[in-house]
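Please find the structures below.
Okay, so chain A shows up in both of these, paired with chain B first and chain C after.
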Partner chain A sequence: MLSFDIVAQILWTSFATSSYFVLFALAFALVLKVNRVFNFAQAAMMIASFYAAYSVVALAEGPGWLGFLAALAASVGMALVIELAGFRMLRKRRAAQMFVFIFTLIVSELVAYLAMLIYGTWPSTIFPSLFWPVTLVGPIAISAWDIPAVAVMVACVAALFLFLRFAKVGQFMVAVADNPDLAELYGIAKERIYLATMIAAGVLVAIGMFLYGTRAQVQPTTSIDLMLFAIAATIIGGIGNLWGAAITAVVLGIVQNSSVLFIPSEWQGFLLYVFLFVAIVFLPNGIRLPRRRRMVRKTIIPGFETADAKEA
Partner chain B sequence: MRKTLLSRGRRQLLAGMGAAVALALTAGASSAQETLRFGLAMPLSGGQALYGQDQVKAAEWAVAEINAKGGVNGKKLEMILLDTRADPQVGIQSANRLVSVEKVPVFITAWSAVVKAIAPIANDNKVVQLSVGANSADIAKLGDYTYTTFPLADVDIAAVANYSATKLGKKRAAVLYINNETGVVAAQIYRDVFTKAGGQVVAYEAYDPKASDWTGSLLKVRAANPDIIHIQGLVADTPQVIAQMRQLGLTQPVSSYSAVYNPKLIEQLGKAAEGVIATSLAPGVEDEKVKAYVERWRKEVGREPNGLPYTQYLYDAPYIIAAVFKSLEDKKLPLTGENFRQEMLAIKTFDLPLTGKLVINENHTVAKPVYLMEVKDGKWGQLAVVN
Partner chain C sequence: MDYLYTIVILVGLYVVLASSFNLVIGYGGLISIAHPIFYAIGAYGSAILARDYGVPIYAAMIIGALIAVAASVLVALPSLRVSGDYLLIASIGFQLGLLEVFKNVSWTGGAGGLTNIPAALIGNTGREGYVLLVVVVAVLSVLLVRAIAHGPYGRALSAMRDDEVAFAALGRNAVALKVGTFALGSGLAGFAGALYAHYFRFLAPEQFEILQSSVILTMVVVGGLRTTWGPVVGAVLLQALPQAITFMNLPPSLLGPLQGLLFTGLVLVFMAVRPQGLVGAGELWSGSKKEVRDGVRP
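Moving on, here comes the complex of A and B:
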């Protein structure tokens, strides 16, 4: 049963299908890191982007690229509405974090309900066909969807990394994530950075949802299910750790898929909740690799002990 | 004196009011007698409204047609429509209103969870609940006052399992099913019937309802090397499972059930859909009456109904009620739930416009033929009818 062919196929397909999960997890983790919001309303951005692409491509028979632009516009538009009409207002009112979270839940349900009224509950795809041609590379079946999806995911991760490292707005996002008040003292308009973060999340969501909608059927409530995976990856990868969330999304996909080889298949879905439970209870900071010990010479001056020195 | 006059005036006023009330009650009673009332509790809002609303429309058309043809012995049928949202709690509220306020002897419901939740109310009040569309096998065990007009899950799954083993000559089946109540129960039925018919189930794999990738389960199925693969999923996931199955090189014939019997499957899968066998519990557009019904949908609503076979059953349900009401009226029996139940079981066989002959059994099941449909040359065609 556990042959090379089977293991290789599971590894490849899981890696390819994790492409959209990585983007959803990154979008969620980014907003959580910078805006400090547990943004369940990301599901609303996902619904808006899918149905925008679906309307253009499947209903109006427009080209795929136009559908993608529509998805991008809808997702970013929804992100702007959530930030400007929701989060910003709630920040001004100094709303409790729990209240903001409840707001995001309501937005996701509201938009799902609206989509249900407009588009119904019948599962839909962006392109009429779900079947992608397959090429055999040795024993591994690689579909025509897999390679572009993986390439897009890798490009997005690289672009986000470069953006956060080198672009001015990206650097400001990191600064606001570290300490928003200090960042403001240094002249960074944090409200603008919160808005920019939501836009960046909107772009990632649109790309992820376009990939998902070209491979799988979507119903208005699908995005709420997909969010669970993004949240799990963010928590297990370590809250505030973007790249940890992305890597966890890939690993979770592989582990979940390959688990059926070792455990009864009906336990497959249960596994995600086990991971979440373990992560929340035993690894509240996520799975972190051990850091190299910093070679810092500590000089302790009486009356000026550092926090580290006090702990020691 | 004045007091006496006033008293007399008051008595006259009261007498006048009493007479008016009595007149109104008599008029009300006579107008109530003119219509024969029954209830319909369906999801008119919420996630299942798309199907519920179309099913309601079908029932409304049937009631209008029965009334246009003179009703039941000259009396019009009146349908009291309430929302269940396909939610058991809302369903209970609607059923209570139908039983206690509207005082109907019979009402129609659907969706297994709702039908199960309402059954105690029907039993306690001796009002007949007709389940039209729900297919959980448990519906046959909900008490004396819940009956189905729709074949329960075991009917079509048993038919396709038996046909695969005996007529198609398949000896090794793999069963891939969604891990929820519908999938688990139906997969067990398939496994039992296929094994009893002489076949062997070589792989029996569940998948998570939230799954979007089935590689692991499909590779296990591939390793078992079956002759046929039965997929017991939902309309949202089954086409994707079949697509991924074909991509992984599994070329075996696929069987499923009524959820996949729709033209969209062929559009979504193209050539990968060839050979897929599904079931239908009602005749398709090959039947002239069904063809005219679908044409009416296209003309009046601008599209085909969502879940065509279910709407056919809903269209036929008022005809069953009208037939029982007529029999009770002819026998001059009061329209109570108890009498309705007895008369329905006495009539037993109904010849219905869109779903054909229906036999309601004492054991709360129904006998209906199962239509096996197959994708051939890019379209659905009838493979066999299993009685």
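Moving on, here comes the complex of A and C:
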């Protein structure tokens, strides 16, 4: 029998665990918006960042903050390699989209195999234990992981919003996303902006993967599933709409985690592919909410009346 | 001798897979790496029909291939209606999702795999007869793909790949052509899967994972995309290379990742150094006229 307490607990836990999904979705959506690439190589960035943190914290017994810095360096480093040695070369060659897809997928797989060779296929975690102390807030058990994770996610979303709105590089990213050639005419070095976008995605991925690795077990192939989740959120949220992708990631995370109430747990992973398929078949352009009609003051210039004005 | 037969059969099956994948990704320009799932559908479909429902093996093989065709249409039709890019995502989702189903339902044998699949025999010819059958199917597949690619259908494919808008403006149905090509390639893969199932007589979901996708993709890219003989060269070469690694007596935990590294590394090397593959097909790298005209960049 489902009680309010159980439902509230599942909803809270689902919301907290969706924090890393939001960061992965934002990273994927950002690169797709600005660089116009379905960056499947994001999985390679995820693997690199997780195993860097794992090496420092779990294997070398270093402090957590050092592990995070290692994750950050590995993810951004991988992003730089992918952009400079991959995407830039492909752009110079005017490569067909197909080759870009193949390149990103193959890079992901190559890094996964490399991780398997070095670390094996056993599931690993950054810290030895995945159990965090729990505090009861009313009927809901909140772990020591939940609040910092949600806070980090909210901080990252806010930072990205402010960065795109007020920072010069962020504004250039929006300009390049809108029209790269026009942006270049205005003196924006678009190659640098593509690089900056990959770095920003690398940072988001590193933070997300560090959160994920402190909460769940990771195998070299885990990142492909996480990336597919980000893709589903990006498509349903509407391609080019970063905030739509972030909100969708939260909703999908809650739906997937709450599914234990209705379906056996071994089918929980299958839901991801259902999301993906539904997104492509039914919501290829994302969910579009009806826009509020804006109050626009029309100034009618004699001789330039619009059809509406004439009818009126 | 059995080892040699096994190698010949594997090479033959990979020739079918690589050639049919070349039809999809090379000639059709359809971006999908989920070819192994249609191989799996053909294999599982044929094996279950023959084992559990008593369908004659060769009829089960054909039905298995037809199920693969139906599944490919199911994936391609909705995704291609929107955009070619979505086919890749839909097909990856379909591949991983269906493998998840294979792992969790009892009638496919679950994660443990499907056993006791009836063996296909051709009269009293033994294994030699089956080897010959696979070789004949491989040769016919290559010739079929060649005939398609160099005939009117192939010219239509080329026109569509080059400029889809102009192609549609001439009154041709690009979506139907794409779905048809995808279904044909997937059907061939499904038939290869059926041949595999009734020779090796054991199927497990991990045989059709992403590693298989990179294996087939490597064969096509290294051999030469959009060429008749490139995938054949790739299949022969890349079936021979892993055998060399097998002889090194490495533990299975190292063997799989090492083979994966070899395949993915080769694709990247060829993409950087010799994108046209061993059997070159000319200006492969350029985007279609539409992509160049629209300024679409990677």
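Following the convention adopted for this analysis, the second predicted complex is superposed on the first by the 275 of 312 C-alpha atoms of A that agree within 3 Å, B and C clash if a C-alpha of one lies under 4 Å from a C-alpha of the other, contacts with A are read in each partner's own complex, and residues count from 1 in each chain.
The definition used in the following text is that a contact is a pair of C-beta atoms (placed from the backbone, for glycine too) under 8 Å apart; a residue touches a chain by one contact, two chains touch by 3 or more.
Since we're looking at a predicted model, the values are computed, not measured.
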{"item": "Joint occupancy of chain A by chain B and chain C, clash or fit", "value": "clash"}
{"item": "Partner chain in contact with A:E61 - chain B first, chain C second, else both or neither", "value": "neither"}
{"item": "Chain B versus chain C as contact partner of A:F103, first or second or both or neither", "value": "second"}
{"item": "Partner chain(s) touched by A:Q219 [first = chain B, second = chain C, both, neither]", "value": "first"}
{"item": "Touched partner set for A:F38, first chain B, second chain C, both or neither", "value": "second"}
{"item": "Touching partner for A:S265 - first (chain B), second (chain C), both, neither", "value": "first"}
{"item": "Which of chain B and chain C A:L228 touches, first, second, both or neither", "value": "both"}
{"item": "Chain B versus chain C as contact partner of A:M116, first or second or both or neither", "value": "both"}
{"item": "Of the stretches 7-15, 25-33 or 43-51 belonging to chain B, the one that collides with chain C", "value": "43-51"}
{"item": "Where chain A meets both chain C and chain B, residue numbers", "value": "116, 120-121, 221, 225, 228, 266, 269"}
{"item": "Residues of chain A defined as touching chain B within the complex", "value": "1, 6, 9-10, 13-14, 17, 116, 120-123, 125, 128-132, 134, 141, 143, 212, 215-217, 219-221, 225-226, 228, 253, 257-261, 264-266, 268-269"}
{"item": "Residues of chain C touching chain A in the complex", "value": "25, 29, 31, 33, 78-79, 82-83, 85-86, 88-90, 92-94, 96-97, 100-101, 104, 210-211, 214, 217, 221, 253-254, 256-258, 260-261, 264-265, 267-268, 271-272, 275, 284-288, 291-292, 295-298"}
{"item": "Touching residues on chain A, where the partner in the complex is chain C", "value": "36-38, 87, 89-91, 93-103, 105-107, 109-110, 112-114, 116-117, 120-121, 180-181, 221, 224-225, 228, 231, 235, 266-267, 269-270, 272-274, 276-277, 280-281, 284"}
{"item": "Contact set on chain B toward chain A in their complex", "value": "47-51, 179, 205-213, 215-217, 219-220, 223, 235-237, 239-240, 243, 246-249, 267-272, 306"}
